[in-house]
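Have a look at the structure below, then the notes.
Chain IDs A, B, C and D follow the sequence of writing; residue 1 opens each chain.
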Amino acid sequence: MLNLALFGAGRIGQIHAKNISLHPNCCLAYVIDMNDVVAQQTAEKYGAQAVSVDQALADPRVDAVLICSITETHADLIELAAKAGKAIFCEKPVDLSIERVDACLAVVKKANVPLMMAFNRRFDPNFAHLKSVLDSGEMGAVEMLTISSRDPEAPPASYIKSSGGMFRDMSIHDFDVARWLLGEEPVSVYATASAMTSLHVREAGDVDTAIITLTCKSGKMAVITNSRRASYGYDQRVEVHASYGMLTVNNIPESTLSIATSNGMASQKPMAFFLERYAEAYRNELDAFVTGLQSGVENYPIGEDGRKALLIANAALKSLETGNVQTLALD
Amino acid sequence: MLNLALFGAGRIGQIHAKNISLHPNCCLAYVIDMNDVVAQQTAEKYGAQAVSVDQALADPRVDAVLICSITETHADLIELAAKAGKAIFCEKPVDLSIERVDACLAVVKKANVPLMMAFNRRFDPNFAHLKSVLDSGEMGAVEMLTISSRDPEAPPASYIKSSGGMFRDMSIHDFDVARWLLGEEPVSVYATASAMTSLHVREAGDVDTAIITLTCKSGKMAVITNSRRASYGYDQRVEVHASYGMLTVNNIPESTLSIATSNGMASQKPMAFFLERYAEAYRNELDAFVTGLQSGVENYPIGEDGRKALLIANAALKSLETGNVQTLALD
Amino acid sequence: MLNLALFGAGRIGQIHAKNISLHPNCCLAYVIDMNDVVAQQTAEKYGAQAVSVDQALADPRVDAVLICSITETHADLIELAAKAGKAIFCEKPVDLSIERVDACLAVVKKANVPLMMAFNRRFDPNFAHLKSVLDSGEMGAVEMLTISSRDPEAPPASYIKSSGGMFRDMSIHDFDVARWLLGEEPVSVYATASAMTSLHVREAGDVDTAIITLTCKSGKMAVITNSRRASYGYDQRVEVHASYGMLTVNNIPESTLSIATSNGMASQKPMAFFLERYAEAYRNELDAFVTGLQSGVENYPIGEDGRKALLIANAALKSLETGNVQTLALD
Amino acid sequence: MLNLALFGAGRIGQIHAKNISLHPNCCLAYVIDMNDVVAQQTAEKYGAQAVSVDQALADPRVDAVLICSITETHADLIELAAKAGKAIFCEKPVDLSIERVDACLAVVKKANVPLMMAFNRRFDPNFAHLKSVLDSGEMGAVEMLTISSRDPEAPPASYIKSSGGMFRDMSIHDFDVARWLLGEEPVSVYATASAMTSLHVREAGDVDTAIITLTCKSGKMAVITNSRRASYGYDQRVEVHASYGMLTVNNIPESTLSIATSNGMASQKPMAFFLERYAEAYRNELDAFVTGLQSGVENYPIGEDGRKALLIANAALKSLETGNVQTLALD
């Protein structure tokens, strides 16, 4: 039974707290949140204690920490936890600055503690199913990957401004999926993008619509289409073309009801809320972390994966700014 | 090259006339229709002559006739054509009276001429595909069959009154499909039905909504659901449960366009018009007739198939009238 | 916070125990099971106590009981709980004998306690969605209902023998769904059935494949197709034809992965295990019970619903035995 | 009734000859082909005469010509026909050299004759349906377009070598579709491509797999994914993201049969042969040409559309060669 400390009890922190309570091999020991009331309520709900960061890290019974606080705090908390010898589960990103990421990962390396980056999409049962078929080799080699990733609507202006831009905030999930499914690092990236759907995004100097192309040395390629606004729900699809055919993961409708009338056939929209859409992925990623700690086998994305996804995001941003293709050296 | 005479140049006759003109191994020699103008125009359009029934049957160059006239004339024309030694292609039914059918088929038998009953659904490429998979044996034995068959809207009162009722007019196609796919004659039939969707059908003493169950001696069974009115189009589906799984033939949408909005996912209705829905079936059934005459192999439904479908329809009607299951002796 | 006692900690009892632990407004006080070890382990897992039936019913703090034990014990436990003034949640059926059911429901009535019959399908989000659209009236009146209900494979011979036969064991869920969606009691039932897929079912004198037709006085009708064995998974579909169109609830695939190769397009089978397929329904039905007790509004199937579904099952069995249609008087 | 002359009676020429024979408002007067036997047979089949180019163009009764000969002959034949005052229907491209295209279109302009470029995809009923919904304005403005276009297998080496490369031979159709649906000219193009699926393509110095991105001044964008080999058939899909949602045109399966077994759900592949897939498009494009000549309204792609699609193809090729984005000035 692993003892976990939760740093940040906001929306995603609550999801993890609940999943910890349902997991047979771990329990929630401490909750840490800037908001004392939230920390206290969450701790009570799950039989944990509300404490400070220092208290949690000082307790030798704590095996691991989950970092679910705001982005600005991630790198500092990772370093503190690493120095305290705790295993770390961290929501993306490590940091928006690649220099800060590098420094932080050096600390983790020195401390020799596990660091899992919570790229949740890898743990969605449907994407994982696709990956397992690819890994089986039965479809041959990957040739092309197309990722469709659209949010139902843009986050508020305040969020946009501190998000690091769409590529580092939203597309970064797709960069991770691309790396995961391509099985080879991209060597160049080209991005075209515009602000067409959300006025406050445009005013914030960010983009809301993009096409990003990644090319690998072997000739494999990937294209990511992004939008901050999809009226029909949360659009999360993947299509892989391989030697022997095409693998597709489609959206999950809100219900299986369909209605046929004189106006046509109507079926349900995709689930619109990411916490609902990826509910099972959140359970699975926690399990991957816990199981990984117990078995010593890191079968999950690590700090380096977070760093490489950020490097792609940065290059995509530079491609957009310069209008030219950018080379990447991720190997 | 077979020379054909077309009896009846109405809606379905026009379809056959056109298909004859496109077929490489037959041509239209004569057109016969009560309406002289229609006969003349159709003949001109396809390079044929407008003549009388007697003239057409007297010409030794005529190999075969297509009977597309009104139901009341079918049996008489079949007998005349049979006595003239012509091969016969006839729209269903031979007649609404089973006694008249028996007498007519006796004439055909005596004349020893081919008689194809144009049950078009067997020639639809999708249903034919399903049948070919069943015949291959790879799915094992048929256990249960469900046929969904609904018209977009009820025909006018005048048609309803002379139609012989829904079972003999519309369900008869489904009885033929059931016999074809079950590969075994049903030994009992049960029908429940009501007039719920079309006032003029109710006023005509007919039904517009029905569930009909057929049971075979081996335990195989089929259920047919019918309606004279489907707001969403012409509903023509089949589902077969066999030893190793389920085979389904679904409707064909009017186009492959689908639209996703905040209201959900909208796709297109099934094709609504039977002449369009079964356009390929009409071409294929003509080809089956022509090819059958040339090869001597009757790979199509014959008079006896029409007779048995009518016997089922009659028993279904009696089941509805009595409220009880009716036995059948078709073997 | 309602205190619940769980009678029977087998497969379905475990599901309910877990769902109770996750529900914010109820908690598990007692676990009762013939197997002491199972009772003890389940009680420990959820912070409850393992006790006897009498102990649980004698505790005034117990608000309600969940009866998840074997069928033979249901009626006795219902009566004991009713006499103890407890609200009751019972897995179907009350009993296989209609006389015993009548006697038991009389006791419940006299005790004036709530009795919810756990017909889980009504609480599936997809079927519930369909029902809510029907209830809104926007589709007009129901005309015909088709229910497809197939198990992945037949239960073992031991189960079959004490099951009361397919109609009372399996189809009874479909009879409940039919009554729920028709909104009108059927006045006649016709069943055809055979044992074609499972030798041990045939040897037990039961059937494994059936078509059952229900007819209402207004002319509304329903057809249920059943099989004890569907190689492709757990088949649970509903199709409703109403004035303005067709409503369909389809199966839920195991994943949204599909694969296109030179052999065709392959997608995933429906979920095969009923506990997984109806996981959300089990959560929702517990919530309906708890919410109903707290609000005093019985928005769930009650004892009378169980009784009527059993009457339909009995009539279907008689139809099968006699080969004739059976009338029903459920109003 | 328009009199048409057919230049080239190969595979696509035969399609047009048949469609002319079925069209009520035109007829085939002359067939011209390098192969005398083919010319003669085709002429006989459709009641036309086999003649020389000069003879056909010299006949004042000829209203229009269809150019279906090999690419190298297109520009010369267009010029001859234009000088003879004939309306022209031409298979793509005018020529592989933009200089030759410019010269040719100048001749057409001077002669003031209609020139339709047979970009067949615009006339597919499904793509046309999508376009008509876009044109209605009900979906708002186009934001992003994704075109999936894959051939079942690469053409032979001999064809590849004279094809002008994948972009000018195959992607050119997608460039036309993109221009048609975007409703705005792209101002830049980026292409990444490789030869991964077909050895003989690689040996010919061509590519077989590509992602091509087009960007418009307004911020609208399009991405085209291409492959010379799709094991699952001819892949022809379009997805349009607009203000109020997503419009999708999917592939058409070979039949609507699907089979569910213990291995999963299997449905049919897309149609694999372009002449079959676009059969209706070929009929519609001929009708657009004939109707356009009769009405004087050019509702079809013209020479300038062919020129612009070629300019995009050339820029895509340059992007691939240089590794950089290329600007376009099509307005």
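The definition used in the following text is that a residue touches a chain if its C-beta (ideal position, glycine included) is under 8 Å from a C-beta of that chain, and two chains touch if they have at least 3 such contacts.
Given the structure is predicted, the values throughout are model-derived calculations rather than measurements.
K.L.:
Let me spell it out: compute each chain's centre from its C-alpha atoms, then which one is farthest from chain D's centre?
P.N.:
C
K.L.:
Nearest 5 degrees, what's the C-alpha rotation angle taking chain A to chain C?
P.N.:
The best-fit rotation has an angle of 180 degrees.
K.L.:
I'd like the Å distance between the centres of chain B and chain C, where a centre is the mean of that chain's Cα atoms.
P.N.:
For chain B versus chain C, the centre distance works out to 42 Å.
K.L.:
Distance from the CA centroid of chain C to that of chain D, rounded to the nearest Å?
P.N.:
Inter-chain centre distance comes to 58 Å.
K.L.:
Show the residues in chain D shared as contacts by 2 or more other chains, in ascending order.
P.N.:
Each of 231-232, 244-246, 260-262, 268 in chain D touches at least two other chains.
K.L.:
Hey, which residues of chain D end up touching chain B in the complex?
P.N.:
Of all residues in chain D, those touching chain B are 22, 125-126, 129-130, 133, 139, 244-252, 255-262, 268.
K.L.:
What residues on chain D touch chain A, complex-wise?
P.N.:
Residue list for chain D touching chain A: 143-144, 146, 148, 150, 188, 190, 192-197, 209, 211, 213, 215, 218-221, 223, 225, 227, 230-232, 235, 241, 243-246, 323-325.
K.L.:
Touching chain A in the complex: which residues of chain B?
P.N.:
Chain B reaches chain A through residues 231-233, 253, 260-269.
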